[in-house]
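Naming follows writing order (A, B, C, D and E), and every chain is counted from residue 1.
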Amino acid sequence: MSQAATEAALTSGKDGQFIHFDKVSKRFGDNVVLDDLSFAVGAGERVTLIGPSGSGKTTILRMLMTLMKPDTGTVRVGDDYLFHEERNGSLVDASEAHIRKVRQRITMVFQSFNLFPNMRVLRNVTEAPVHVLGLSKEEAEERALGLLAMVGLDHKIDSYPSQLSGGQQQRVAIARALAMRPDVLLLDEVTSALDPELAAGVLDVLRDVAKTTDVTMLCVTHAMKFARDISHRVLMFCEGKIIEAAPPEQMFDSPDHERTRSFLQSVLDEA
Amino acid sequence: MSQAATEAALTSGKDGQFIHFDKVSKRFGDNVVLDDLSFAVGAGERVTLIGPSGSGKTTILRMLMTLMKPDTGTVRVGDDYLFHEERNGSLVDASEAHIRKVRQRITMVFQSFNLFPNMRVLRNVTEAPVHVLGLSKEEAEERALGLLAMVGLDHKIDSYPSQLSGGQQQRVAIARALAMRPDVLLLDEVTSALDPELAAGVLDVLRDVAKTTDVTMLCVTHAMKFARDISHRVLMFCEGKIIEAAPPEQMFDSPDHERTRSFLQSVLDEA
Amino acid sequence: MTWDWDYAWDSLPLLLDGLGVTVLATLAGTAIALVLGLVFTLMRRSSSRWISIPTEVFVEFIRSTPLLVQLFVLFFVLPEVGVQLSAFATGVIGLGLHYATYTSEVYRSGIEGVPAGQWEAAKALNLPSRRVWTSVILPQAVPPSIPALGNYAIAMFKETPQLTVITVMELLSVARQLGAENYRYLEPVTLIGVLFLLVSLPTAWLVRRMERRMVPAPRPV
Amino acid sequence: APVDLTAQDAGGDLLSRIRDRGEVNIGIANESPYGFVDSAGRITGEAPELARIIFQRLGVERMNPRVTDFGSLIPALQVGVFDVIAAGMFITPARCKQILFSDPEYQAPQTLLVPKGNPKGVNTLDDIVAKKDVRVGLLTGSAETTYADALGLKDRSVIFDSVFSGLDGILANRADAFALTTISLRDAVSKRPDAPLELTPAYVPIIEGEQKLGCGAFGFRRDQRVFRDAFNAELNRMRANGELLATVRPFGFTESEMTKLTVAELCTDTSS
Amino acid sequence: MSPQLLSYLLEGLLTTLQLTVGAAALGLVFSFAAGIATCSPNIVLRGVGRFYIELFRGISALVLLFWFVFALPYAGWQLDPMWAGILALALNIGAYGAEVVRGGIVAVPVAQIEAAVALNLTRAQRMRLVVLPQAIARMLPPFGNLLIELLKGTAVAYIVLIPELTFAGQIVRNATGDSASVFTALLILYAILAVFFTTIVRLIERRVAKSLGRAPTPGFFARLKGVRA
């Protein structure tokens, strides 16, 4: 694939663009983590981010989740800027209220689950719908029970997170995220802390989510078979840049870049 | 493979048996972790332990490392019992001195590296040879430099572990273990805390070790390609028992047990 | 009673003498507490119950009874069993012993803070137990404990006034004496407060600086 | 009990307020035989017993004694925690600047408390000045402390926080002699009949050429002159008719402790 | 010992209990107010919290007590000694408690806060629903230690006419002349009080640990039974 083709692939072919990274840079001290990065993701599109350690994949997700600010550039979700507000025609730093409004549409599942250890499973899932979306306790519990059934954990609603296996915890975390009915779901290596068999269960749940909802997904993973199954597009990161972007078949079967090839090789070797 | 064949495969075909687990049981509360387990490993043999989470693989290694005692049964390395001494013809609990003597021949590399953070790389590797083997500082450093060169880290001898990447730390840990010139090297998921590319580097080092030394290796890993490359034999654990034991080709290509098949399937799926 | 500057000014040199005694007692007490605390910790971890259990009981007992009463006992009862120490020495030993029970807790949590993996790695290398302590565990356990140890030194400094009950002429004793002679307590006691702040604030600041260097900076919540 | 806020008002009506209340708060320092808790747990002593009689005559029925540290007596009186100090406190010019005193109810010669057999052979503060190896025990805040300072004994002083600490201190060889009034020491030793201790004969210390005879009295706030005078009148009436000695005799006071000195004489600062 | 003297000791014991419980309750309020303030993004709140902590950690309770009872009245503000005692001890112990609160909050993993952000909880909700419930579990053991500190610290209250246990002991010592028995009795009484308070704190710890679905850390007696790493 030519350079031009990769650039074209940086915007999705789906109906309209939804998430826009525009000339985003981020550095920590001397370490340039994102380097003038631009790309877009369509509504309902599922994108997998791959690349070597430290290439900036997590940084992208954390920025979308507003856990981290870009140094320069803008991030847009729908019509709203994430870190800026338009006021009198010019962009100013966003207020907390504005950020909370935009953040409403996005949620994230973490590598280490991060369930709240002080709440039982059911309350982990109902807490935010009640306190953020303003659902009644009954509505929230109904929604939670449905989702917990989907991830196969409706029999564990009264357990504490510490009483669950890693795989079960991660499935609860997915239910918790989905209970917010997000437009965008961010997944950062959600199976790397898990054993292969437990990981398989989590990936199955995510395949289900992909099939049955039209949530926009940005997903960092080393599970290549899963990536191939669910993604519309794969982005290969290297040193804070996207060096290759293509549909999974093309990316995995005939990568363009030497760097992509060697990366994929080492990932496959490990299995 | 028939039941009898598996039982035969529980002892290696190599020249004489070196490590003997004899009717070993271990439980934590109600949880039976090892269930009347017997197997043997030959001198210089390389064995990979696979199996689902919680099946007892780590327990085996920790027992050999004397980090954990069996409830019943005996473990023997060469002619010495690990936790018992023969005195007046009967087996009694071993003294600390006896345990230290037998432990001399064994060492272990951990999933989370466990380098000593208060020592520089070089001292991490020389500490035990000086204070356990009684080498002079110069001899120990010469040996350490050779090993660090082998793992590709001779330029990092003055760094602290915290200044190294995970992959580099694990390579130092391997050098540290080898500096003891052990007869037995235990490896517990030494790459699962690492990114695929970093893991690849560590596995390469271990392939080297396997090729150039005749150390006996017991290795727990999910890196199946690596297991196939280096092991003489693969043991499949399930619920504290060995349900299948065979050379890697046979185990991976035509497993006998349904449980083995489903396990291997999920591990391969994840890549 | 209004503030009497002349009296305050006249009191100052005597109070400074008392401060000298206070500081000296604190330093000596700290030295004892640092060493004895570690000894207690190691004895509590001893594999022999004949050592660990009595130590544990002793430490808990000392920790849960007032220094004041302990000082009385040391001062008036030790001589009866034939141990004759000066009042200052008695006070320093009392302070050191009392605070050793705290430093012992600090060392303990420092040691428990060393990840289990470090013990296991040391065992996997077959290091002898003395070496494990001196080159692996203590070098990792002690530095994180320094801020907490520093805080106890400051706390001890503020408790030295209790030595007044065993005739040590430290800061508070001087103030009480001044007050009794002149029947004005406001000035000496206020000056004590100020002197304490002058010593303890910079020390606390130093301790926090050390702490910051060792623990990641606090983050917004 | 809550502090009486009105007690701070200037003027002489405290006595009538006390009469209205029917209760007077007195401060004692837990020092026998002046004001203390006895082995039956009752608050007694020469000063509280005198105060009880005098207040009854002044029309106040109940007495509410509050035990406190000797050093806290004056500050607590000044902020109104109690109305009178009934602790046999010595009249000194310095104290006179802080509070009002009644006329003294007793005068007190001095004694030394020493180990049995008086191994150092000291009988007075002057003896101690002469023998350089003798450590003198003193009670914190006591007049004897001031005497010892004036005699240059500061470096050899050991300051105890209570009479019994002094007694225990001599037994524990923390000091060689404990200097205090004969009355206090006689009383203390009587509670430890078995202790190997003895008292030297009573003497009157002479500091800078002047006889120092400690005289104990009741203390009042400086703005309560009327109150003090009313109290003083009753006290002097008791002195005149011998009731005073009769009341304090059970606490070990004798004829030789009775005094004719007045507060005006004792408050005059002669040292300056 | 006469019943009357015994009643002094008992009253002293009760007074010590009263002081300890009162100052602990009030000190807890100060601890949380100042501790949370020092974690605030607002620089003024942070400053006020820090100032409180530094000031009252630096001044001993004894000096504070003296001030409250013997100096404040001149500023026209009179406190009952018991209240002054409780307030002074609470201000002092509260400054230490605030550090415990801060430490507990800071020790909650950042990941927990990030997870709360990912669910779009507000700052206050994060603190109330996620951070504090977890932090409190960590605060309890150090709070238990502070409670024992406080218990022992009440002994200084005698200088402002509060007849607490140590002072009652001095009264009995004066009345009977028997120093050794009095000191022994004091040591035992304080140790009993300490065990009493420690037990209460441990019960609370157990409850909180259970509400987090954790096994509680072994206590003193469990440690005595030889549960060691």
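The rule is short, and it goes like this: contacts are C-beta pairs under 8 Å (C-beta built on N, C-alpha and C of every residue); 3 or more make two chains touch, one makes a residue touch a chain.
These numbers were taken from a predicted model, which means no experiment stands behind them.
Asker: Just the chain pair, please, that has the highest number of C-beta contacts.
Answerer: More C-beta pairs are in contact between C-E than between any other chains.
Asker: By mean C-alpha position, what chain is farthest away from chain B?
Answerer: D
Asker: With chain centres set to the mean of the C-alpha atoms, which chain is at the far end from chain A?
Answerer: Farthest from chain A by mean C-alpha position: D.
Asker: If you average the Cα atoms of chain A and of chain E to get two centres, how far apart are those centres in Å?
Answerer: Taking the mean C-alpha position of each chain, the two centres sit 46 Å apart.
Asker: Averaging over Cα atoms per chain, report the distance between chain B and chain C in Å.
Answerer: The answer is 47 Å.
Asker: Please compute the C-alpha centroid of chain A, do the same for chain C, then give the distance between them in whole Å.
Answerer: Computed from C-alpha means, the inter-chain centre distance equals 52 Å.
Asker: I'd like the Å distance between the centres of chain C and chain E, where a centre is the mean of that chain's Cα atoms.
Answerer: So the centre of chain C lies 19 Å away from the centre of chain E.
Asker: Note the residues in chain D that touch 2 or more other chains, in rising order.
Answerer: Residues 71, 75, 78, 168.
Asker: Touching two or more other chains, which residues of chain E qualify?
Answerer: 66, 70, 74, 123, 179 - these are the residues of chain E that touch more than one other chain.
Asker: Which residues of chain C are in contact with two or more other chains?
Answerer: Those would be 1, 76, 185-186.
Asker: Go ahead and list every pair of chains that touch.
Answerer: A-B, A-E, B-C, C-D, C-E, D-E
Asker: Hey, which residues of chain D end up touching chain C in the complex?
Answerer: 70-71, 74-75, 78, 94-95, 97-99, 140-142, 145-146, 158-161, 165, 168-169, 171-174
Asker: Give the list of chain C residues in touch with chain D in this complex.
Answerer: Where chain C meets chain D, its residues are 1, 75-76, 78-80, 84, 87, 164-165, 167, 169, 173, 176-177, 179-186.
Asker: For a test of understanding, state which residues of chain C touch chain B in their complex under the given definition.
Answerer: 115, 117-118, 120-128, 131, 135-136, 139-140
Asker: Quick check: in the complex, which residue numbers of chain E touch chain A?
Answerer: 109, 111-112, 114-123, 125, 129-130, 133-134, 137, 211-214
Asker: Residues of chain E touching chain D in their complex?
Answerer: Those in contact with chain D are residues 1-8, 66, 69-70, 73-74, 78-81, 158-161, 163, 167, 170-177, 179.
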